[in-house]
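Here come two complexes built around chain A, the first alongside chain B, the second alongside chain C.
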Partner chain A sequence: MAANPNAAPAPPSDRTNHGMRVVVAWLVLSAVATPLVAVFVGHLIPPGNGSSQGTEQVFDNTLMLTVITPILCLLAVFFVYGLRSFHASSSGAVLDGPPLRGDSQIQILWIVGTSVIVLFLAGFGTFELLQNGAGGGQGPDPIAVPGGQKMQVQVIGQQWQFTYRYPSLGGIESNQLVLPADTDVELHVTSLDVIHSFWAYELGVKADANPGVDNVAYVKTKSPQVFHVRCAELCGLWHGYMYNNGRVVDSAQFHSWASQQEKLYAAIKPFMDKPEADGGAPFGHTYLPAPERRAG
Partner chain B sequence: MTDAAVAPSPPLWRRLLGFNLLTGVVLGIGGWYVGWFGAHSIVGPSLDYFGDIDYNELSVYLAYIGGIVGFLVGLGFFNYPFARLRGYPPSLREKETGGWTRYFSLCTDHKVVGIQYLWGIGLFFFIGGLNAMLIRTELLRPHHQVFPAGTYLTLVGMHGTMMMGMMSSGILGPFANYLIPIMIGARRMAFPRIEALTFWLLMAAGAILTTTIFFGGFPTGWTGYAPLSNEGNPGMDNYILFFALVGISMTLLGLNMIATIVTMRAPGLTWTRLPIFAWGVLSTAVLMVLAAPVLVAVLAMEALDRTAQTTFFVAAAGGSNYLYENLFWVFGHPEVYILALPGFAIVLELLPVFSRKPLWGYRLAVGGLLGVSLLSWFVWQHHLFVSGINGDLRPFYMLSTELISIPTGFTFLCGMMTLWRGSIRFTVPMLFCLAWFFNFLLGGLSGVFLSDVPSDVTTHGSFFSMAHFHYTIMGGLVFTFFAAIYYWVPKMTGWELNERLGKIHFWTMFVFFNSTFAPLFAIGFLGQPRRAVTYASGLQFLNDWVSVSAFCLGISMLIFLFNLVWSLGFVKKPAEANPWGSRSIEFQLPSPVPVHNFDRIPVFSSDPYGYGEGPPPSWVPAGAPAGRD
Partner chain C sequence: MRVGVKLVLVAAVVVAAGVMIGFYVSNLTTLAGSPAYSLPVQNVNGHPVVNLEIQTVAAVGPQLSRNPDWVSYLVRNTSGQWKRETVWSLPANATVHVTIYNFDGASGLRNPFLARPQGMVGNRIMVDGKPTEAVDPNEASHTFAVPALGIILAIPGVADDAKDQCGYAPCPMSNAHRTIKFTFHTTTPGHFRWQCFVPCAAGWIDGFGGPMQTIGYMDGFLNVKA
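Right after this comes the complex of A and B.
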């Protein structure tokens, strides 16, 4: 078992061109695996085709999976080949390997290769991000704003539910998110107490709800569907129960839903419209957690 | 373990009365009650804003601070400063001989501290692992609750906090403390008492975090986000005190390592001859010294928010939760490289030994370690891509995060080319190092998805990111932690570990680690958020699979524990001085290493990786300096 540290002449020179074998095997494997991954695995990746942003994320995920497939192939080929070819004989003295201490060509090739991949991914990610914000929360001053008409919806997180307010529909509120199909929506996410994170999974939207902050995210809905909303930032005791579903409905259904909500809402509207200083409804930035609301 | 020339020792009861762990615990408990009732007598009921709960935050803080002071007094940390004040001459060493009681006392022998760290961190590693088992028990069913929701959050928080806090020193504590002085040809660390202090502070911290369960636990997970932490039970204060103590311990540990490696290298040990492990320790130590104080600062602000009603993180009163998130991740991202870099270093240190080849591309490997160490300062806001903070800086953080894979790739290249055409021996430590490549590759490539903003929108805060960092930290750090144990513990204790049990441990751990965490990538992609006590019913099969695998992973850890206890406690087969045929200097010393390491300070004329380059030059030439202390 123990090898002599002082020992060991180098083994007889091995003339096999191991490097060429690995490179060829890698190229063949990558050439086969990469298109297969791109075509068959990529589109299975969530969040799916529920919104423009979701479609974009699926494309991003597919592209990255395609880029990392050759890297996985290289490592797989290297280790399968290397560990089979270069192990010490199970019996007899352990010989030293050849004293290779570096090769500047391989180093430069590696550095250039990894740099190209990294710069490509960062450039591509930036390009995709600037298209329409990719569904992520961008803060009060968004940098990636889709053009055209947008319907505004305010998402208000609190322990432990989300409330949705529709300014363009007279400020009505709902505890279920209902959106019209094929519409650009501008979500303004905020919180009344601690940090929450509004995550509409099928729509590819995630934006943290911070107290006193207006976090803007964009989503362009597609065809009618039911989607799931979960809180994605630990927000205290009942964080695990802070979920609901939402609906994307067609235009006619949306308008009938809205007028129904308006009737329900009429009773409290005067109170909601009153300015806060005159005893109106409290809004985000005046809320302080009271001791009896403590979580844990 | 025992020293030949020990004076006849006094009876046991007499030794128990001195400054040692027992006295420390007794005085610590005493100090705790002094602080507790002291705070009550100062503030009375007037600040008791919990209403029906009869304690306040101040009493929790003062109790634990009193406890820490009592603990350190009992261990004897104040003896030397007071002796100096009273005019006694300076000395460097305390309690370095005297059998097993050294291990339960303030001891300045770096080898004793290393072994103390190994067992101490191991203890809390197993407590953290037990928490993980309970988490997975809860997640066996989507909606049926085994634990109350608050208990579940406390388990999640304790698991994360314990692992992060303790394993930050997981390699530097046991192995760097033990090996760095030997590897650089010194007889001690630069600051031996501070070295001991870092260990005992960490143990006090572990006790504080464990006792959070008596104060209602804490709801925030390991990140402790404000303003949720402002609402938490008094158990939140245990979290704050734990992480602040860990931060102080890490800062001192890093400072000590830097001072030792920079100033105490033996003659001839130039920077290009330094073992790569020492480079890894150095780059980690720099991160510790610069990052951990930020953690202590942000936790001090949080403690003030909770006790003195300041409003650093309360938006309604002019504060901002972004301040907490920024400061926490300024510490937090270097922190994950504090966890990962020692793993890189151990892999690069062990591969030459087990493939009988020199380390390929030494300078590139060093550049990789330092490059990661530098770049890790510029990536922290990738934890906040969807938080709404600095929306226009996201492309920059996307770029910097992806850039960090370039120096990480250097470690892969150097490791793989060291294996290339080598004479590989599949020993237990080598298996753990090879598994590192597999795990860290998956961890790193999944990180690409998280670093890309559009992809991160789906994966952020989901089980995908949880799987990602378990692949990098458990697959990267914990696997190399075990590699280091199997590689160096025979040297540290003088007894062999059972190789067959080691291989069973490796294969069960490798298989069940992947079986546990690989499905979590899918679970995260399918929309299960982290730290949530419920999940969609359709994900039950995958979650059950993960839970059962996690239990098997736990059994694998028990196999390791059995191996450790069996081999070191019962079989006690003496280890050879150099069981692996290593050219590294620690294996040229007898096992276990004598108290003063070297009779004469060695003189280095090459790095320790000259396999296949002829016999190693003698590292103690005739007439080498005897060296002092």
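Right after this comes the complex of A and C.
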């Protein structure tokens, strides 16, 4: 049979062990980059150390970043090595690269390696979630309930503002979220209209505010600080303006603030304490406000 | 088609889409800056004082809007005319005396707590000449709230059986209405949104569509300038 005159010329024999080169480069880069990332980058990842949950999230993020660093290094090394070693030369004929062949050892190694990483992260994430909820909303029947006494605060979202109700302070409500330092707080997040999301950024708390649902989240405050609260669920015209500042204060300041709010609240208290059928607040004691209570 | 030409075309489409999205997203910011109705400022003992007169109406009417049945706020300009403008310029560190004439009936608040006046001088309002520290949440017709300044107050509605109720705005003072007065102070310059919290948009889902989601009716900005 005559040779095909249009066939590409055969690639020159290449006995270079590209795989070994890539592995060595990857191991060296990973050995340098991984501890650097873990030590110098991890603690810079939000949300910071504003609460116990925030600190745990920083640890979680640091660990995940540390796990992912060798993977990113492998991709980077492979990419750069491929560009340098397998690009077409600027002069001469375009040659085909070395043929790809199946390699059961590499396949097994890849499947086992990725499976171990994924299963480890799944197990680690589940453990962290079950430990104390990781600052996320756990729904009306929370699984990860921290022990000890907790101060309850109801977070009420509506278009477009959050208000905060303190059952342990006679049910006073405020448009400011003020929390005492070093305190376990049980947040009951709900909405009076559409879906919002309560996100106390520096505290590491994020819980959906669904109408008619009591979404419980936990947070343990640390030292006094100012933190940001914003809605994290697109909820209409003023969603972008649905934010304000919250404060963690010491015990004396908290009680001073609470007594000021009680005085301010006294005028509206008779209306709030009425039974719902008589026009009172429907969520004063049950934590379950009726959604879309009134419409025009 | 050459690869280079394809790349340029894709890049052009991506840039064009980005610009269009940018224009859409920046629409609110643009509204916050202009156009704004500059309220006349008086100088009292070297201190800026502003009188803001607004009215709330159940139906804005065909003279003032292409949506005549929408609920709306109106502002009185220097020539005494009622205009449907809800972006207002105010000086910083000024005293603002507000008078609201409400010609609409009650809808009721979803959260009764918002019926407690806050953020104005004395944390109280005058309702038909009487000092008030709490409005019955069920009688609330609208609210005037500037959350970033901590200002919120409920506006009681006109009784259902009141005579001479206003049909379409602008409503003359001979129509049944409630009068609410209060004073607040502006502080530093900035764009502060204001809104109504009562689900008062009749005919819309949950009473919060249409005029409640459109600047120029039940929402606006206070542009506080140095």
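Keep this in mind: the second predicted complex is superposed on the first by the 274 of 296 C-alpha atoms of A that agree within 3 Å, B and C clash if a C-alpha of one lies under 4 Å from a C-alpha of the other, contacts with A are read in each partner's own complex, and residues count from 1 in each chain.
Here is the rule we go by: a contact is a pair of C-beta atoms (placed from the backbone, for glycine too) under 8 Å apart; a residue touches a chain by one contact, two chains touch by 3 or more.
Since the structure is predicted, the reported quantities are computational estimates derived from the model, not experimental observations.
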item	value
Fit-or-clash call for chain B and chain C when the two complexes are aligned on chain A	clash
Which superposed partner A:D193 touches (first chain B, second chain C, both, neither)	both
Partner chain(s) touched by A:G148 [first = chain B, second = chain C, both, neither]	neither
A:G240 touches, of chain B and chain C: first, second, both or neither?	both
Contacts of A:A267 with chain B and chain C, given as first, second, both or neither	second
Partner contacting more residues of chain A (chain B vs chain C)	B
Partner chain(s) touched by A:Q161 [first = chain B, second = chain C, both, neither]	second
Touched partner set for A:Q57, first chain B, second chain C, both or neither	first
Superposed model, chain B segment overlapping chain C, candidates 78-86, 114-122 or 132-140	132-140
Chain C-contacting residues of chain A that also contact chain B	193-194, 236-238, 240-241, 292-296
Chain A to chain B touching residues, read off their complex	1-8, 10-11, 14, 18, 45-47, 53, 56-57, 60-61, 64, 67-68, 71-72, 75, 78-79, 82-83, 86-88, 94-103, 106-107, 110-111, 114-115, 118, 121-122, 125-126, 128-130, 134-143, 189, 193-195, 197, 199, 201, 204-208, 210-213, 215-217, 228, 230-241, 243, 284-289, 291-296
Of chain B, residues touching chain A in the complex	49-51, 149-150, 152-154, 216-221, 223, 225, 227-228, 230-233, 235-236, 314-317, 320-322, 355-364, 384-392, 394-395, 398-399, 402-403, 405-406, 409-410, 412-413, 416-417, 419-426, 434, 437-438, 441, 445, 448-449, 451-458, 460-462, 525-527, 529-534, 536, 576, 578-583, 587, 610-613, 615-616
For the chain A and chain C complex, residues of the former touching the latter	156, 158-161, 163, 165, 173, 175, 192-194, 236-238, 240-241, 244, 264-265, 267-268, 270-272, 279-281, 292-296
For the chain C and chain A complex, residues of the former touching the latter	28, 71, 107-116, 118, 123, 133-134, 136-138, 145, 147-148, 150, 152, 193, 195, 197, 199-208, 212-215, 219
